[in-house]
Amino acid sequence: MARPLVQRSAIPGLGLSAGITLAMVSIVVLLPIGALLVQGANFGIANNWAVVNRERVWAALFLSFRLSFYAALFNLIFGVLLAWVLVRYRFPGKRLIDAAVDLPFALPTAVAGIALTALYAPNGVLGGLAQDIGWKIAYTQWGIFLALVFVGLPFVTRTVQPVVEEIETEVEEASATLGASRLHTLRHVILPMLAPAALTGFALALARAVGEYGSVIFIAGNIPLKTEIAPLLIVIQLEEFNYDAAGAIGIAMLVISFAMLLSINLIQIWSRRRIGHV
Amino acid sequence: MSDATIPQQGARANNPARFRRANDESPLARAILILLAVGGLGILVFAPLAAVFTEALKQGWAAAVASLGSRDAQSAIRLTLTITAIAVPLNAAFGIAAAWFITKFDFRGKAFLITLIDLPFSVSPVVAGLCIVLLFGANSALGGWLVASGYPIVFAIPGIVLATVFVTFPFVARELIPVMIEQGRAEEEAALTLGASGWRTFLTVTLPNIRWALLYGTLLCTARAMGEFGAVAVVSGKIRGQTATMPITIEMLYNEYLSVAAFSMAALLTGFALITLTLKTALELRHADQLAATRRH
Amino acid sequence: MHIDIDDISKEFGTTAALTPVSLSIPSGALVALLGPSGSGKTTLLRILGGLEFPTSGRVLFNGQDATGLTVQQRRAGFVFQSYALFRHMTVFDNIAYGLRARPRKERPPKAEIARRVNKLLELIQLPQIGDRYPSQLSGGQRQRVALARALAIEPRMMLLDEPFGALDAKVRKELRQGLRDIHDETGLTTIFVTHDQEEAMELADLVVVMSMGRIEQIGRPQDIREKPATEFVRDFITT
């Protein structure tokens, strides 16, 4: 006998909760994304490819992905360090630092964008300092990198922090009693334990950075082929009411997002299988 | 925790390593790591935060306050508050319904449903806006009909609400689902056997158990809803005084080189963000046990 | 190796975990530290292993002051109550860990490590489980792997913290004999902590009864049973 679609349950509210959930998921997620796919289908594979397969689009997609990768990599290292320091050490102002990690989640991206630009533009405080040593930050790829680091900052820290809290001190002590130096213990015992969570955080930060728009456009300079990110191309096409082209680039980005979502899930399955839990 | 209780006596030791417990890094390594963490966060987070307020107050308080009093600024503030007031309750209601549906019943396709709910986190806000434009824009069949009937969605408030709900979609549900899974179904079942109605069970048994998680998710949702830029930029049409939210107004002012006005509005939004952040931190400190075990957002 | 504990005291903040205690353990003995929780027995074990440092007093290994030795230098085979196996490593890698952690000059070649690990797997009578992860083992198997991991570093002594604490009654009995066998085979000075007087009496050559940071009595099991030195010992071994 086939498994029923819904198992019978004594708890009421099935109709109402299922109704609201499915209606909202349909209106908010399924229909809009479906509209993008239908638009792409109507436009045709060849035409979509022709839109995406242009130097300017490739440059933007590649730029978005490359800088997002670097920013997520930076956040991977800095985030693990931050999680370790916040869990293991005591120092004045620790609580403030802990709360500040979430600021990039709470601060509107447009605000972050203009604030970073004001700070790192050649006439800004930090941008001026950098200028003195011949380092241009705002309106170059460095600026984009910086904005992407900002928006991705909390992900790794927040996924790794609970794992650091959970490490039993006995495991570290066991390593020491077996003769391992502290550095050996960190490299061979602690980091491998943090790796699955850190990779999940990395993937989340990467996914966020690839799609990021608000914090980047102010500091990027937006020069085609050099500092133009993929989401901006969609906005430009939409402003020209070129829905076909916007849709084609949108689909390309959606494919990238799905690939990353899939990789996040695979990482989690892999780590659950190896260690017994995430 | 890992703090060493350093022996006062026993100074006979000629080896300083004796005073370090197995799980401690050397004081130098510790100091360097703390310095890197604080310094990095200072440059990356605190500096931009300070920049918002210094730029806003460059010409004094009067100029900053005056810029917020302009008609366009007032309309932007009203619009953002209105959008938030619609989108957040909608999302909270959805989050509760979805969490109830997912945790109280067993059905096929549950994993797929959860993936769909999570999906907006992985979609670029600009792509989200694009999808809404393609579905409801004037050149689509549905959009054309709606515009002709006098209910435009894109370049109007409903579109902004929809975009905002999209980007904040998972916040409440994601916070509630783990908490409700942890609490199981036994308490609700007990209430039902005692003769309580479904609504009564929900209000008197479930809701008290999930209230802090609900508040937590709602806070995250509010912060993001007020600040959403990319998706709203695409669907709003950026009509001054009509569909320009606070973040959109910031962009317009900034691009017109009205720096003080742009940063004043940014400072106001930052103030809202800091309030939510403070409330959120307070919740984490006081009710950590009743929040989801892994706080990710 | 014989171990001398010379007037060791330990304070955590203002509370005294050990008031000065002295104890001499002959080479090759199997010793139980017996007492209720809070008696200081685990603290004493951790001081021997180099995981805690005494507030005052000395630890002597074969008559030489070992108080200042780091945990790595002590080469004590320590078995934790929770076993503390490395979850992300196979059983083989867990056991090989201590050998691989040695500085390059002292590290045995790969084939030698494999030979020793396999020999230890046979010693604990689990020759087939090298490829498994700790999460795939039963409680009793985990305990034996922890034992093998500690033995792999060619320890100077074995220190075990409640080695049977996490096991059910039946497995506990089996593994007691296992520990006795391994002790007899290796001849290592072995000290284990327990709150179970039956376990201490049955397994150990020498029982050290502790309470509130003090040593109440040291003696062979039958001496303690027949001639309890204090009121506390009498109460503790009859309950």
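By written order: A, B and C. Residues from 1 in each chain.
Note that contacts are C-beta pairs under 8 Å (C-beta built on N, C-alpha and C of every residue); 3 or more make two chains touch, one makes a residue touch a chain.
All values derive from a computational prediction rather than experimental measurement.
*Asks:* Pick the pair with more C-beta contacts: B-C or A-C?
*Replies:* Result of the comparison of B-C and A-C: A-C.
*Asks:* Tell me, please, which chain's centre (mean of its C-alpha atoms) is farthest from the centre of chain A?
*Replies:* It is C whose centre lies farthest from that of chain A.
*Asks:* Just how far, in Å, is the C-alpha centre of chain B from the one of chain A?
*Replies:* Centre-to-centre distance between chain A and chain B: 15 Å.
*Asks:* Take the average of all CA coordinates in chain B, do the same for chain C, and state the distance between these two points in whole angstrom.
*Replies:* Each chain reduced to its C-alpha mean, chain B and chain C end up 51 Å apart.
*Asks:* Averaging only over C-alpha atoms, locate the centres of chain A and chain C and give their separation in whole Å.
*Replies:* The answer is 47 Å.
*Asks:* Residues of chain B that touch two or more other chains: which are they?
*Replies:* Touching at least two other chains: 22.
*Asks:* Give me the residues of chain C that touch two or more other chains.
*Replies:* 50-51, 71
*Asks:* Chain A: which residues touch two or more other chains?
*Replies:* 173, 176-177
*Asks:* Looking at the complex, which residues from chain B come into contact with chain A?
*Replies:* By the definition above, chain B touches chain A via 1-3, 22-26, 30, 33-34, 36-38, 40-41, 43-49, 51-52, 55, 93-94, 97-98, 100-102, 104-108, 113, 115-128, 130-135, 137, 139-140, 162, 165-166, 169, 185, 188-189, 192, 197-198, 201-202, 220, 223-224, 226-230, 233-234, 246-248, 250-251, 254, 259, 262-263, 266, 269-270, 273-274, 276-278, 280-281, 293-297.
*Asks:* In the complex formed with chain B, which residues of chain A make contact?
*Replies:* Per the touch definition, chain A meets chain B at residues 3, 5-7, 9-14, 16-21, 24-25, 27-36, 38-39, 78, 81-82, 84-86, 88-91, 93, 95, 97-112, 114-116, 118-119, 124-126, 146, 149-150, 153, 155, 158-159, 162, 169, 172-173, 176-177, 182, 204, 207-208, 210-214, 218, 231-232, 234-235, 238, 243, 246-247, 250, 253-254, 257-258, 260-261.
*Asks:* Using the touch definition up top, name the residues of chain C that touch chain A in the complex.
*Replies:* 49-51, 71-72, 74-78, 80-82, 84-89, 97-98, 101-102, 133, 135, 149-150, 152-153
*Asks:* Tell me, which parts of chain B touch chain C in their complex?
*Replies:* 5, 7-10, 12-15, 17-22
*Asks:* Taking the complex as given, what residues does chain C use to touch chain B?
*Replies:* Residue positions touching the partner: 11-13, 50-58, 67-71.
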